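Some structures are shown below for you to check.
Shared chain: chain A. Partners: chain B in the first complex, chain C in the second.
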Partner chain A sequence: MTLSDTIAGLLGLNANDPLQFFLAAIIASAIVGTFMLVNVAIAGPWAKRKITAAFTDRIAVNRIGPFGLMVIVADAVRLLSKELIVPEEVDRPAWDLAPLVIAGSALFGFAVIPMGNGIQVADPEAGLAYVFAVASLASLGLVMAGYASNNKYSMLGGLRAVAQNLAYEIPLVLTGVSVVIFAGTLQMSEIVAAQTGTLATIAGIPIPSWYAFVNPFAFVLFLVANLAEVGRNPFDTPEAPTEIVAGYQTEYSSVYFVLMYLGEFIHIFLGGAIIATIFLGGPAGPVLPGIVWFLIKIWAVFLFTQWARSALPRVRIDQLIEIGWKGMLVLSFANLILTAIIVGVVV
Partner chain B sequence: MGNPWIAIGALALVGLLIPVGMMAISKLLRPSVPEQGKRSTYESGEIPTGDTRIRFNIQYYMVALLFLIFDIETVLIFPWTVIYRSALENGVGLTRILGPMLVFIGILVVGLGWAWRNGAVKWVRSPRAEKRKDAR
Partner chain C sequence: MSLEEPGTRDVGLTKAGEVNYDELEALLGDAVLGRETHLNAEAFVIRPDAVQDTLSTLKEEAGFDFLNCVTAQEYQDRYETIYHMTKYDDRTQEVGVVVPTSKDDPVSESAEPVFRTADWHEREAYDLVGIEYADHPDLRRILLPETWQGHPLSMDYDQTKPQIVTLRENKNPLQEDQRLNDDSDTMLLNIGPHHPATHGVLHVEATLDGEQVADVEPDIGYIHRCEEQMCQQGTYRHQIMPYPDRWDWGGAGLLNEWAYARTAEELADIDVPEYAQVVRTMSAELSRILSHMLAVAAYALDTIGDFTATFMYGMQDREVVQNILEDLTGQRLMFNYFRLGGVAWDLPEPREEFFEKIRAFIDDLPEKLEEYHNLLTSNEIMQVRTVDTGYLDPEVAKNYGATGPVARGSGIDYDVRRDDPYGYYDKLDWDVVTEDGGDNYARLLVRLQEVEESAKIINQCVDLLEDWPEEDRTIQANVPRTIKPEPDTEVYKSVEAAKGELGIYIRSDGTDSPARFKIRGGSFSNLQTLPEMAEGEYIADLIASLGSLDTIMGEVDR
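Up next is the complex of A and B:
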């Protein structure tokens, strides 16, 4: 049962009628969309500052509200009421559409993520393929932003974003697909269901058969490729504040900047949600309800990206191509074949 | 059970309406003080020189071509991974299900090795940067 079906049932709508089901799905999508926006609102203006400050031994926001939490409201109002400066000779339709593509495409992915307690907008059979497809749409937005801005830093940032995605998209997808060899399906709910068994019992504590424990090698590969996919250190070359100002977002101000920033954070959470679903058993966990475990897992991945951001130096763009094509790609092929052989021997 | 793609379409609509709504709110809130000076693109505070849309060496052209091939290959691997386990459980031999894929990936890896040896898998330096390196 997906959330859309549940809502259709509650409102007495016929799920087989496309229009009535669409209405129910809109409500379900609004719930999931708002839920993710709340997460991003906490992460972007507040948690990110607090975490970075903790790593660099500072205090960060603490003036407005308890723990400085009200800075979220203050920042939202401040940024939305800024003047939108349109630079000279920007490529107008593309420049306006880029923030929309970046913020929108990251939200699309959450349609198929099972968040526990029956919160999942849709559950198509090709779920995993869909989520990889929409997650990589963001790079289109980055290129649009980079090219349309008519700024040399933006142009370099956009081109670097392409180089980075070329280098990391294939290892990411190949490693993600190695999980499908175990699960035998692309449907997200089925992948989660396949991880409910017990792998081993160590000192009386059952270790669940999450794919992170079944195949830790793939998990590490995926974590690294995901850092590159969301453009965080050590792979933040497209933004590289010390080299090319802010990369593709140099010329964006006001609400467009908010959307770029928002899209980036939703993308990090989408990466976290994919990792949680295919490697960490989705919403599974003891005692607490599923949705809480799901939140813990995506925030753990978020914390990991912020840790990497504070702790690791940036790699150069030419090094990045070499790591991607000569290291990660070969390793992900090895992982795929090894997984297939192990499954073949065990089954 | 409704059609899941209708639900995904609904989320796509919501996913676009959220940013559009934010743009609309901002439009109501923000001031507009058009001035000539602040509209110029940012170039470290200097007056911008020349156009951005020029012919430009992107330095990873061959890598991009390779990406096309490998991207299509991942699409071809997807269906194989889905049926792999159920085929084994239904008694199809390991060599019959794994063999062809090993050959397929083998060809790709040999191709990657060839491209690697010929220097296609790297960031291509411009002739000028190369000359500067030699002079050092």
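Up next is the complex of A and C:
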């Protein structure tokens, strides 16, 4: 039962009629999309500041509202009321579309993520492939932004982004495939269902058979590749503020800037959602409802990226590519083959 | 290399190890027109067409391998360029080379082929005074815009007439770069003058080949504020001392003040009471910690790229020192605490509380430094980023006149505090830190270790000050209200500032303010080495190298 089915049922729509089902699906997408945007709104202007402040011994926003929470509203007003500066000779359609592509592509991914309590817009059989596919669309947006900005820093940033995504997309997908070998399916709900068993019981505490416990090696690989995929330290070379100012987003201001940033944050959450789904049992967890557990897991991944951002130096672009092609790729292939052998022999 | 001719080092030295100027004069032959006596050393007046021969003889045969500073000035009847030379091995051995040129044809031979460091120094002399240097590879203006009319420190320059140079007039930033031909694969990238990594308004013209740096040219002068001219208008006694603070806003103000104090005290023959020397030494080293902490924190920012933990830790640790210096001087940035002949006032009362604060900081310091080592030097990513990048060969560094942590990071054992002692340094127990790496990592290590050495010095000073008898606490010598040194007295003295050797040349004309006041900023010479480090490396390494030089533009542009 997906969220679209539930809504169709509630509204008395016929789920077999494509038009009526489309309407239900649109409503479901709006709910999920809004839900994720709320998360991003909390993360971007508020949580990120608070978390970084905690890592760096500062206080951060605390003046507006309880715990400074109203800064979210203040920031929204501030960012939306700023002047949108369009530099001379930018490549117009591409320059305008890039922020939309970056922000939109990540939101698409949430359509197939099972968030618990029946919140999942769609559950296609090729779910995991779909998520990886739409998440990679962001690279297109980065190139568009970098190329269309008519700025050398943007150009360098865009090129770096492509080189980086090429180098880390493959290890990311390959490691994801190793999970698929375990689960025997690409369908997200089935992958979650495959992790419901108990792996072992230590001192009376049952350890669930999440793939993070079944194959910790793959989990670590995926976590690292994901950091590069979302462009966070130590792999934030496409932005690299001290080298190339802000990379592909140098020329963007006002709403476009918001969309760029929004896109980055949604991407981090999408990465978290994928990790939660294929490695951490999706919405599974004791006592609390599934959706809460799901949120805890994606925020944990967010916290991890912020920790890396606060503590780790950035690698150089050539080192980054080297780690990707010479290290991660080899390790992810090794992981894939070993998984295949183990699954073939044991199962 | 043990076959090196014995005795080559001894040319121009007396048996006691002093410079034998007569022998040097004989060595230089008929290039020498006469002799001058400066307070710091003897100087030879030479023919303007014999500069290269003279300097290379002094460098190759007499071992004067360090062209410390080039001063240019105009007299009523002539122009003059002074090359202040010394040795990396022994800072106390100095010699000046004075090159007079006529008013009608102010051309003298360039020293650039002998010492690379002369490149920028002579460009500055050309820019500000108007002397031209034959054989100079690139004699353009350096501090002022290329369209500037006249030479501001020359005598016929109308200083009351403002010149406004608009950006468009100076240079069109969108203009195609003419230096590149159309089919080249390189790209010119302007890093700065406003850029997150330039730590001030520095403009680096980088020619990129993909991600690699093919050519680098630092373009300076964006905050040139005529500091030398301002000092020439101030009186020795009080009006000049506040300016040195403004050459370094990284916290090293007290070290800079000492540069002026040392030079002016030599000029006016003032002896500083011992107590004041200890207070100076202690406060100067606190100032050095401020500067080095900032350098390390900002370096973390350059290589990590965000306002991260290391940066904030650096800021917090600085804050403690900042508070101590605020207690002492009343200021947090522009201290203005030194006076000719001593310091402005005694330590704050109650003294015990003040000492307690310093002790607490010194006691906490090892733990804090451990944290920097954990976060930076022992971090593997940091190591792959900085080890073997931005390499500066010791010989190249000497050729460029590099000093301070940049020289010591290349294994050059040179520190003015030890080699030409002043203050109370020679009576304290501390070490000069050197690292042989010559790379970005070595320079980072040197700064972190120098913080430890500074702490050692401060600790010993506090010990001394605690037991200092109350009746002996003279904070200032008796200095006449108006200082008027003899006319045409010339002196060049330097101290070990945070970024490198900070030297000041003063020529007096019998009035109460200097006739020529020349500043040798350590960063000025250090920044010149950037192309040597960065060319052929990645753009990220260029940024890391720039950060590891720890330049401060106040000292470069003056």
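Basically, the second predicted complex is superposed on the first by the 347 of 347 C-alpha atoms of A that agree within 3 Å, B and C clash if a C-alpha of one lies under 4 Å from a C-alpha of the other, contacts with A are read in each partner's own complex, and residues count from 1 in each chain.
In this section, a contact is a pair of C-beta atoms (placed from the backbone, for glycine too) under 8 Å apart; a residue touches a chain by one contact, two chains touch by 3 or more.
Computed from a prediction, not measured in an experiment: that's the story for all the values here.
Peer 1: If we overlay the two complexes on their shared chain A, which of chain B and chain C does A:Asp318 touch? Say first, second, both or neither.
Peer 2: After superposing on A, A:Asp318 lies in contact with both chain B and chain C.
Peer 1: Just checking: does A:Thr185 make contact with chain B only, chain C only, both, or neither of them? Give me first, second, both or neither.
Peer 2: First partner only, chain B.
Peer 1: Quick check for you: in the superposed arrangement, does A:Asp57 touch first (chain B), second (chain C), both or neither?
Peer 2: second
Peer 1: What is the contact status of A:Ala212 with respect to chain B (first) and chain C (second): first, second, both, or neither?
Peer 2: In the superposition, A:Ala212 touches no partner, neither chain B nor chain C.
Peer 1: Where does A:Asn151 make contact in the superposed view: on chain B (first), on chain C (second), on both, or on neither?
Peer 2: First partner only.
Peer 1: One more residue to check, A:Thr242. First (chain B), second (chain C), both or neither?
Peer 2: So A:Thr242 only meets chain C here.
Peer 1: Which touches a greater number of chain A residues, chain B or chain C?
Peer 2: Comparing touch counts on chain A for chain B and chain C gives B.
Peer 1: With both complexes superposed on chain A, which partner does A:Ala161 reach: first (chain B), second (chain C), both or neither?
Peer 2: In the superposition, A:Ala161 contacts neither chain B nor chain C.
Peer 1: Quick one: classify A:Val230 as touching chain B (first), chain C (second), both or neither.
Peer 2: neither
Peer 1: So, does A:Ala122 touch the first partner chain B, the second partner chain C, both, or neither?
Peer 2: first
Peer 1: Touching chain B in one complex and chain C in the other: list those residues of chain A.
Peer 2: Shared contact residues on chain A: 152-153, 245, 317-318.
Peer 1: In the complex formed with chain A, which residues of chain B make contact?
Peer 2: 1-16, 18-20, 22-23, 25-27, 29-33, 38-44, 51-53, 56, 58, 60, 63-64, 66-67, 70-71, 74, 77-78, 81-86, 88-89, 94, 97-98, 101-102, 105, 108-109, 112, 116, 121-123
Peer 1: For the complex, give me every residue of chain C touching chain A.
Peer 2: Against chain A, chain C makes touches at 187, 189, 195-197, 211, 300-309, 311-313, 316, 375-376, 379, 381-382, 384-385, 538-541, 543.
Peer 1: Which residues, counting only chain A, touch chain C once they are in their complex?
Peer 2: Its residues touching chain C are 52, 55-58, 152-153, 156, 160, 233-234, 236-237, 239-245, 309-319.
Peer 1: Could you pull out which chain A residues touch chain B in their complex?
Peer 2: 2, 4-5, 8, 15-16, 18, 21-22, 24-26, 28-30, 32-33, 37, 77, 80-88, 99-100, 103-105, 107-108, 110-112, 121-124, 129-130, 147, 149-155, 159, 162-163, 166-167, 169-170, 173-174, 177-178, 180-186, 245, 250-251, 254-255, 258-259, 262, 317-318, 321-322, 325-326, 329-330, 333, 336-337, 340-341, 343-344, 347
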